[in-house]
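There's a structure below that I have some questions on.
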Amino acid sequence: MNGHLLSIVLFTPLAGMLVLLLLPGSNKTLIRIWANVASLAGFLVSLPLVWRYDKTASGFQMVETADWIPSLGVKYMLGIDGISLLLVMLTTLVGFLAVLSSWSAVQERVKEYYAMFLLQQTGMIGVFLALDFFLFYVFWEVVLVPMYFIIGVWGGPRKLYAAIKFFLYTLAGSVLMLLGILTLYFQHFEQFGFYTFEISDLMKLSLPLGLQQWVFWAFFVAFAIKVPMFPFHTWLPDAHVEAPTAGSVVLASVLLKMGTYGFLRFSLPLLPDASVTPAIVQVLAGLSLVAIIYGALVSLMQKDWKKLVAYSSVSHLGFCTLGIFALNPNGLAGSVIQQVNHGISTGMLFLIVGVIYERRHTREIKEYGGLAHVMPVYATVFAFAMLSSAGLPLLNGFIGEFTILQGAFETSRVWAAFAVTGVILGAAYLLWLYQRTMLGEVTNPKNKGLPDLNWRELAVFLPLIAWAIWIGVYPKPYFEVLEKPVAEIVERVRPGYFGQQAAVQALPGEVR
Amino acid sequence: MNFLDAIWLIPLFPLAGAAAMLLVGRHLDRSAKAVISLLCPGTVLASLLLSAGAVAQLVGKAEKFHEVVLYTWVAGLPFRMADGAAAVFTADWGFLLDPLSSVMILVVTGISFIIHVYSVGYMGQEGGYYRFFGYLNLFVFFMLMLVLANNYLLLFVGWEGVGLCSYLLIGFYFHKKSASDAGNKAFIVNRIGDAGFILGMLLMFAVIGSVRFLDVNQALGSGRFAAETAGFGVLSLMALLLFVGATGKSAQFPLYVWLPDAMEGPTPVSALIHAATMVTAGVYMVARSHALFRLTPETSLIVAVVGAFTAILAASIALVQNDIKRVLAYSTVSQLGYMFMACGVGAYWVAIFHLYTHAFFKALLFLGSGSVIHAMGGEQDMRNMGGLKDKIPVTHWTMFAGSLAIAGIPGLAGFFSKDEILWQVYSSPWGATALYVVGLVTAAMTAFYMWRLMNLTFYGQPRMDGHTAAHIHESPRTMTVPLAVLAAGSVLAGWIGVPKLWSVFPEAFRAFEHWLEPAVPSIAAHAAEGAPHETGIEWMLMLLSVAVALGGIWLARHFYVHRPQLPDALARSAGGLYTTLSNKWYVDEIYGYLFVDGLAKGGGSALARFDNRVVDGGVNGAGWMTRLGSTLSIWWDTWIIDGSVRLLSFMVKVFSYPMRLLQTGLFQSYALAFVLGILALFAWLLVR
Amino acid sequence: MIDTLFFYLFALMTLGGGVLTITRRSAVHSAIWLIVSLAGAAGLYLLQKAEFLFAVQIILYVGGIVLLFLFVIMLVNLDQAARERQFNRQWWLALASALGVGGLIFYFLRAGSGSLQLAAAPVPSPVLEGNTERLADVLFSQYLLPFEVASILLLVAVVGSVIMARKRV
Amino acid sequence: MFHPITTVHYLVLSAALLLVGTIGVLARRNIVIILMSIELILNAVNINLIAFSHYFQQVTGQIFAIFVITVAVAEAAVGLGILIALFQNKETVLADEVDLLKW
Amino acid sequence: MSQYYTSVDHFVLVPAILLALFGCAVLLFDFLLFPEPRQRKYLVWFVALGLVFTGGALWRQQHFLSVQKIDSITAFGGTLTIDGFALFFNWIFLAASLIVALISYKYLETAGEHQGEIYGLILLANCGMFFLAAGTDLITLFIGLELMALCFYVMVGFLRGDRRSNEAAVKYLLLGAFSSGFLVYGFSVLYGLSGSTKLAAIRMALESRGASDPLVILALVTVSVGLLFKISAVPFHMWAPDAYEGAPTTVTAYLAAGSKAASFAFLMRMFMGPLAPSRELWEPLLAVVAVASMTVGNFAAITQSNVKRLLAYSSISHAGYILLGLIAGNDTGVQGVLVYVLVYVFMTMGAFLVVAALRRKEMLGEDLEDMAGLVHKSPGYAFLMLIFLLSLAGIPPTAGFIGKYFIFLSLIQTGHYVLAVIATLYVAVAIYYYFRIVRSMFISPLTDRAPAATSLGLKLALAVTGLMTLLIGIYPEPFLSLAQNSLLR
């Protein structure tokens, strides 16, 4: 049991799905209950990870290895470090809450819906746990299919377009990543005489800079599309807007993190020389900054509630990638924390849209107004989510943003100066949204009799709010958990960073 | 009991109150309003008592600071400072009590308590009572965090937090669009400042390696950093960025625009947040960063100039406002300008002194105006008031005291602090006569508009309609008692900082200076050591300022009580106070034409227009730009990025159909393609 | 020399027959000209000392396949078809591209004709007994397998054409 | 004109016949004649094979040719069978009228 | 020469003999034992029996090779060679034949053309495929090819009452005969270049001649077009969509899987054998052809509304992918070809099986719209189809990914980066049209409530294809090691 904790965490949702498939499709209540039980179980079995994780140790923990396809050197290899720990916990919790939130939202083809969800859950956890590149790739692609169906079957009016766009975009990126992976794989064979996909083995490669850069760009396309970085983001608003609420939540909270995780786990450690190449760093940081500002500006102009939140994701994820390409401990740790934060706060925002959509079946902002009168609890929850997303101190967003800014500032003051405008704009679009929906008089008669949050809905939000406050007030455990893995990445990318005096290669724009 | 080690409890009480209100307050609101009325002021009172105890113990302590660190908040990841040295990015959840923060916590808890009590009466009939007190308590919590924090990052928690509470309280009447607009404006404009503050902190991390006040001051004082007397260096930039934050929070030019709009909130809020406490946070922060500003004369000059400009700009606008709270709002902006002027010339303790006295009289004036509004049934336009003196006497007399204090009449609180500022501006090594002149003119304007307010409100002919007139009544005890307390404060608070000039008073009367000056040493104190005190000039200047104050008051009386447009009213109500001025109506007309209509009204409204068009316009323009930018972005998104994807799918189809067209269904065309294929292969190998 | 003469005669028959096969309007005429062409080829076989092939060509082709063609032509009653255009619309394209291919084949043949001479020198085989015997010997030893498979092939051909051509049940 | 006839002559002849057959396949409308053209192509192959066989003084080429003839017969038979099936349904043997399946 | 038919010859030939025997027996039984149409389904089991026997024979050969630790057994004086490669492909043919036999009964009955001869033709075609995979002599290969092709001509036109079937058969036959004319012309030139019909001898002759000999080019081009025609590579692909669409769906499956696999075996034998010396000539040629195949196949498939036609175009693009393995040419590439063909057979047959299941008396069930809402009426079919389509697209953890994996890897190993990028990008294009089917099945509302066909054979066949598609995707190890041992060097 103990030796296979990660496998248990990984396959619990899948097992839940298989049982689910055996249940009679006609009994919707039973299916709902089981899906909730299964996803809750998925969360509960992941909890031991938290206290069994040793934050003082470096490297991967709880590693499980088994041969899978020996002739290709493919292993079934799972392991966890601070970065994946946080993302796995985010996945299991948000996954459970998303399932819980769809109790009444989904009425059609319930069984398939939950089956897709649980399958996707396993895929996402697998992405964060895999230590074998092949395994990673398999999980990476596995995630696509359920999401396609979640958007395509249970989505909004333009669901078909959105679903296929999502699928095509991400697939196009990931096949290029496959080429990159295979290149590394082959290079490993050339240098060491055996084939392996194990990340720790691939890290031993010494590649010429040119090749590293090519592979980097191949990875970049995949990860940047997933994140999504500007200008690969256009699938995101469509997918988010058309997806059902829980789909949007998981998409925003977890799925996008696969991209940033990819940068952290693969691009930087495997291609350290390419990662510090001035051109690459500048392009990536530049795109991140564009995303921050651009996403916020576009958010400002949205008429569709959900689209606004979707574009805000672009902006927030811009912070995450900026942190990554600051290439220093604070940037990286801030990025991971901000990924969790984005999962929490944007997840909440999508849930909030979902709650009202379930009641009114419209997402037009102008249809609303004055909801704080009729739904005070809802308005309060929304306020929390908004403030958390806007990065108010004492809530989670601030910790992440500030740490990223610290990291970015260390590398380039100009970056930080531009990024800070994102903070301002972030407040602007969120407040304006809040004003247009929650404040003022109730002008639309259809909004008069809306019921406030029920207990189930509140139960979805409370864990997220609690988590948001925890990170905001006492983020120390997160920093501690991230310290070692982040240090390893930085040391790999910029050797000597942790030495006594700076003998380290300066990055472009770095003020020294 | 060791109060010093318990200072972390000080902000906790209001937080508990706020949490209670926001979580279960809705149920209390219906059943047990009295619990709210007792609990919320009670928590603040507890904080006040704790603060008092702590300050008292601090006075007795040898080293004049006490630091309590609860835990590491943002926990240490290493980074490289600008000079390449290793440092740790960390910030504690820690509290620092030193003379500066002790003044602040007393002011904050004291004024807050009074305003809480006042609110019990003022808000008694309003809906969302629990919400109001919840926000108010939350505000006190954040404000105390702001002043008690031991580092900039934690200060920033309070800094943003008060901004949030300001947003919540301005938008308290959230069904009014203007209220929520004002709330948004406040929050966003504050955020602009905060962005500067954040960058300032980042720069501080990069240059100094820590944001802990003691570390920063120690590092800056250690001589590691030379004063940037010539040129604009990294420290100046840091100071400037922090000051940008301060301009947002403390409503300085060009970011002051949110404050007048903030008057949409309930009046106690205006008193507490927008007069006494939150807006002074910038001043506090600049004083807190005195070690930095001392090294950066360039930035200090900017601070002084911005302060002076804001002071005179706001004062001139206040001249022509008709909304009673707006006059006070501009007045606040103007007074904050004074404080920054003091900071800019390096007289930090004086700025804090003015902050302290201003808290009394401005809170008083706001609460008084609230009482007036309360009495008038919500009316805020002074043109519909008049002659309220006898109907609401307590309000009148307390406001009378407050107006005198702000006008700078000797003996009242405002005089001591304002005069000290003017003197420092004149005499400090970083001071300048030009600044002094601006300050003096502002003082005259201040006296004028305050008394214009008084005259329009309390004196002269009643101009309200009968229905309102019939319902005018004095406010309840919960409101008048706080007024009285504040009035006493406005009168007496200055006496702990009498000028050195008045050498008849013992040093005890200069306790404020003695308490603060070592903690936040001013430029002047160092410069003045050993130099002879030019008492003659100082006396002259003092008299001058008193004179302009009196002149302003007189002018106001003359214009608004003896108004030529209202001869009947003049005749009936002109008391003995105004008889000397009543004959000069011809001058009055010219002055009226020249000064009020021409210069003040014209100029003031020109400035108001400037405010509306240029400054506000700047904000609007930014909004417009934003919209333009986002429209362009959407355009880009739809047509270029999505467009390229669509182009691809279009190309796909463009490829697809011709390919299908080749598939004619005629087998001989297939055979032809086959042969052409052979031809191509041959040809390829031929030309190879 | 007489060989040369015969070669050109047969070549003319073969090619001319071929060209007329594909240009005659009437299918029956085409079939007749096909016979000529096949016969010409048979003559060429004879010239190359492939007597057995000559016999096979005459018996199987001329006697078998062409007959089959004629049957089918009768069966499907091509009179009507004969009145229509005998070439399709793309004939000029077909001609051009086929000539192109032909040109290239000729080019490569010409370029390669030299190397052909250099190929493994023909081993003058020992006593040449009758062509048919030798053929049989090799066919039933070395090429026994294809021979057997060919029988299956023919079976399939028979079964296939029966399936295709039989009346619908 | 009376120079000795070499293998190359046969190859050229064969190629020409191949060409003729190809043109027939490409250009004739009547499927029966197209089948005949295919016979021409196979004959061209046979000419090649016999020529090489003669050149190498072995019988392998001739054997190959026998098989080619076999295949030609089989193809013709099946082809004509299918043609009859088509004719039964469609009453045509013209190649350009067989265009139900396209695009 | 003394013994014309040795025991070794026999041992090698047994599978073919069995196939031919059972094939003939089926033809015989059809009208001797089972004259009643209803009884014809027993033929299916007879065919299965025959295939099982053949499998036994193949297993004996496989076992012999592994026990004796030898690479190959050559028989009939070098005419036939049994090696890992031949066996590997024969397993594939066997599986394809079995699956086709299992489903043909129901389908043809529905289509109203259930004749017993089809089973004979299936077995005889398989016999032809055997020679394509195992033959090492031009004549054997040619006869094997024609045997297979003739069976297919007949099978494609098997629905004699259906004009589309007639048309498909006519087109396929005419073009097939035309192309084999060129192929055999090339063979004749090869013979002329070497004086032998044995592949090994030809290879040696070509090696000594050098790559740029004009006659070699002549042979290369004509042989290549014949081979490329068979695998339906662009621009020799045009018969494929028509033949696939017109043929009975079960035959289409066989055509797409069995015939294509056999053609690839043939193609590999030729290009890795006699034509290997002129690799520098054909490598760029094939690269262009491969890219063109992927391009045309993928793009043309996008706008198709007939599922069979769509799958036909997709099979054209798959031919391009498989060719890439040959272009890379190293062991990984060849292994990739083997693995890809293996998975391709299962996934593409599976997809056609589902289409076949939708056939009803009055309705073809081949249109995209006929699949609308399939998940509501037959979720099993829909999910299996999803697996097949994902596999066709190359999404892990399905088998198709493993195939693509090898192709990409071999391209990278040999430095064909541009081809690799093109090939990967076409994966994204392909997903677009595969997911049109998915969309129709899962998202569109159900329009036609009549149940899809089902039979024991169909269920078995789908189970086998589905299972293999997943198994090779999730646990490919045994198949990979099998392919590893079956490399053609």
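Letters are used for the chains, namely A, B, C, D and E, taken in the order the chains are written, and counting of residues starts over at 1 for each.
In this section, contacts are C-beta pairs under 8 Å (C-beta built on N, C-alpha and C of every residue); 3 or more make two chains touch, one makes a residue touch a chain.
As the structure is a prediction and not an experimental result, all values here were calculated from the model.
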Review point. Which contact partners do chain D and chain E have in common?
Key: B, C
Review point. With respect to inter-chain C-beta contacts, which pair, C-E or B-E, contains the greater number?
Key: C-E
Exercise for review: Average the CA atoms of each chain to get its centre, and name the chain whose centre is farthest from that of chain C.
Suggested key: B
**Study point:** Nearest-to-centre chain - CA centroid comparison
**Key:** A
Review point. With chain centres defined as C-alpha means, what is the inter-centre distance between chain C and chain D in Å?
Key: 6
Revision key, fill the gap. Between chain A and chain C, the Cα-mean centres are separated in Å by 70
**Study point:** Interchain centroid distance [CA atoms averaged], chain B/chain D, Å
**Key:** 98
Review point. How many angstrom between the C-alpha centroids of chain C and chain B?
Key: 104
Review point. Which residues does chain E have that touch at least 2 chains other than itself?
Key: 139, 143, 146, 150, 153-154, 157, 160-161, 169-171, 174, 178, 182, 192, 195, 217, 241-242, 304, 432
Revision key, fill the gap. By the touch definition above, chain D meets two or more other chains at residues 7, 11, 18, 21-22, 25-27, 35, 51, 55-56, 58, 60, 63, 67, 70-71, 74-75, 78, 81-83, 85, 88, 95-96, 98-103
Practice item. Quick one: which residues in chain C touch 2 or more of the other chains? Key: 88, 90, 94, 97-98, 101, 105, 107-109, 116, 119-120, 143, 146, 150, 153, 156-157, 160, 163-164, 168
Revision key, fill the gap. So the touching chain pairs work out to A-B, A-E, B-C, B-D, B-E, C-D, C-E, D-E
Review point. Across the complex, what residues on chain B touch chain E?
Key: 652-653, 655-657, 659-660, 662-663, 665, 667, 669-671, 673-674, 676-678, 680-682, 684-685, 688
Practice item. Enumerate the contact residues on chain C facing chain E in the complex. Key: 105, 107-112, 115-116, 119-120, 140-146, 149-150, 152-153, 155-157, 159-160, 163-164, 168
Study note, to complete from the structure: So, in the complex, the side of chain D touching chain C is made of residues 1-5, 7-13, 15-24, 26-30, 32-33, 35-37, 39-40, 43, 46-47, 50-51, 53-60, 62-63, 65-67, 69-78, 80-85, 87-88, 92-96
Point to revise | In the complex with chain A, residue positions of chain E that touch it | key: 375, 386, 390, 394-397, 401, 405, 408-409, 412-413, 417, 420-421, 424-425, 427-428, 431-432, 435, 438-439, 442-443, 475-477, 480-481, 484
Check your understanding: Any idea which chain A residues touch chain E in the complex?
Key -> 68-72, 112, 137-138, 141-142, 144-145, 148-149, 152-153, 159-160, 163-164, 167-168, 171-172, 175-176, 178-179, 182-183, 185-186
